[in-house]
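Quick one: structure below, then a few questions.
Each chain carries a letter (A, B, C and D) given by its place in the written order, and its residues are counted from 1.
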């Protein structure tokens, strides 16, 4: 259930805390501090005020706040002792269903991280694939304490920004969604390629998980972005285009088997809130791609 | 051990048969018939004369000849009851080391094929990947008898041409080798990309087997073709280019993770004796490929 | 001054003729015949009704109608004895300001055409460049009488469709405008190229006339189509992109003089009502283009 | 007439001077100084020894040497009072046939240059187009004396290196020639484009002078480089490819007029001794080019 910014701006403290107090994990004092700054001209300003409260808090309170976050893929996840928001976030990337080996790997990383920094590893999982979470984990373990403290707060910023956007409606929404789109041009006939089957895979180690399927429309595009209403998780992807079927259905000679059948375009996302346009220009004998706009 | 065409042209029948009689599987009469046509101006002419003997033979002898060939990946292969030439050919594509499921699949296909046509399935395995052998097997099972008889003789042509080339040296060698080459242009700086690691994979079902590795030289090419001294087996391939490492080593901004890291080019070979030039033109944000020359 | 279709549908014959009677050159009977078919559900239907009257007329009347059209670039043009609509159309393509040699060439073609077909050469000049008018003229002179009669009526269709669109507003307007657009992607940095100066030239024989200038915006596009609110004249064009300046202003090494400075893309338009998207993907050392969508 | 390095190494001073004394314009002392350094292991070493003599000479002698060079496109050129080597060099770029306006422009630049630096403007014209000579002239007029003195000696280096290469044969020839090559790939059918007419134009101001014509062979290349046995003059060029004719002759639909007819590739040369490979990959609806290798 969402709440309107205009209404929030009018609320008493108890109502305000009831409405968005859980946005910051187990830290009702954040909403309290933000409440004092009403009214907010935009949802972005509301979120900034809440982050401001975290940044202005004494170090002990900040650390206590960070400690309140669950282990990533930890025992809390398995035992069910997480807030609903954390549960939903961790399941989005498959962290609630790791095999024993991966569970053990996360467990070891968590232990090493907590031993070094005194709080659990925090990352905005909705902005990552499983692969990039592991990469981040290993990189951040090398940080010094000050750098990592800042990194953890930055992740809190990303996590709570998404929660605020999911909870509050109104003016000045932060930009939290990315977009992945494509376009298939058949340069053999100089027209958009219609009816081409496209599959999107997320790469994880040596495996590839199909996460979307689409077909090009009369303009050679997909009716909806391949990913569009959420952040683009940082990570590696492959788009597969069934161009062999496309040219076969048009009766074009292309070799047997066709020189090009499934064309894979492999690329990485590093800006979860960005627009990635990854088109394919192709003939039966050539193709090109680029990061477009 | 090879024999010179000039010497063959001078040999008595017993010597001639001893030298190349085994080229045609268990059919010494082929060499005998060819011997009568000496001298041969070229190795191609020698092979044509031998094939001519097969084509001119009475139907019963032709069928007996086809029946003399071993089952593909059959019990003969496992039991060791094949000619050395057949053994070596079948092991080249992994047919001597199938798992039980694949062995059973080949066994079923062989039985169906022999029941329909009266002789075992014959294919020039050096011109195929395991995938394309299965594709051929299933397609050819649908043939009528006359079409398939011609197809089987055509495969005999390919098999024996390779055996003749391996055995005889001299003028007018048949063209039996294909060539797979590549070239990496860094269009970010307008120069060949030097030191780029390239891997070549053969695709088999959903699996990929690495069959070659190379590194680009100062001209952006590989010192030797990726495949060059044998037929290019019909099938599907992927070339992997480590362009992320290339641009990273030059200090070029490319995102983190890089938009392009490993670029896969997936293509199929349909002409085993052809030249496939599959170059990569790339920047950190775009690439293109084509069948070149 | 325009008139609304809804009003036309209500008019008496004199008012109707007064409003759109001149659409068909010196042929008031066309409007009269169309008036009897009121009401029209769309502007397209109105125009079809008028063309229907022409097609249904007796041959002598049709020929008289064709004869009523002025010579292209003829003495009428110079002497001023044309309808206003014809004057404006002919000047759009420069036919009112030919040099003596071109005037003489048109004059000779006109004479030959009239001698062969018995009526002047009619072409919808707004759908052509001067070059393609000459090409059409020479081709159509080779027609037999029936083919050319049909061709002349088709041109009447195009001419009057544009006049109707200019005169009448309402539902179901015919699609008479084409669109020429472009897009510049800087694949050296993987972003749209901003601030690139673009010039559009129309080619005429060996000469080139600049007909539009623009600059790319933050998305690498031009704010408005290079041609957008009229038919795209059939003919040859060159787009010039100042990519040397673009890369120079970003401090990118590109040789001195730069390998690429002004990039010309030369292409032809054959569909005046179509959309031509002609983008440029470039680095300082490479570029590509295609007919896009 | 050429002379062998081995012979030069054996010559007496008078013979040596007679053979190559004129290599350095009106400066026999250069050959004399070089003679003392015999024998030379390579033609490059011979030329270096001669340049070493120039660099080691007292300033007055150096300046006198520079002053001995003719005005570029100056009165000497018109009056015929130049050495044969200078005459041939200046005519190669059209400096002996300037119109009055260009002659006057060169004359003004020469006067300004001599007034500022005390010697005439020296440039290795074989490494330049007329356009780039004018560009160089205007740039170098802005130099301070020391920078320009070094620039003039560098041009002497280029001029005399070409003269030595033209005169002397033997081991270790300096690399003085560049190469311009192309390649046309028809990516509509995945094969080299055969029989495509190619024209090479040198751009001069707004004009274009055709300097070479060729046709692609069975590999899509030209039998000989478009420029290959001399330096590539610094300047701007256009390659024109008749791809419309190519696709028309193959019966491929491409619009009427064809979307692509003559494809111009405009590029500049900045490295006269370099290799410029400028290929064209094209379909009737798309093309790309790049500086290749």
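FYI, a contact is a pair of C-beta atoms (placed from the backbone, for glycine too) under 8 Å apart; a residue touches a chain by one contact, two chains touch by 3 or more.
Note that the structure is a prediction, hence the values are computed from the model and not measured.
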item: Chain labels contacting chain C and also chain D; value: A, B
item: Most distant chain from chain B by Cα centroid; value: C
item: Distance from the mean Cα position of chain B to that of chain A, given in whole angstrom; value: 46
item: Intercentroid distance (Cα basis), chain C paired with chain A, Å; value: 49
item: Where chain A and chain D are represented by their mean Cα positions, the distance between them in whole Å; value: 57
item: Residues of chain A engaged with two or more neighbouring chains; value: 187, 190, 259, 281, 285-286, 288, 290-291
item: Touching residues (chain side chain A, partner chain B) in the complex; value: 132, 135, 234-236, 238, 255-264, 266-268, 270-271, 281, 285-291
item: Of chain D, residues touching chain A in the complex; value: 187-190, 253, 259, 281, 283-286, 288
item: Of chain D, residues touching chain B in the complex; value: 185, 187, 190-192, 219-220, 281, 288, 290-293
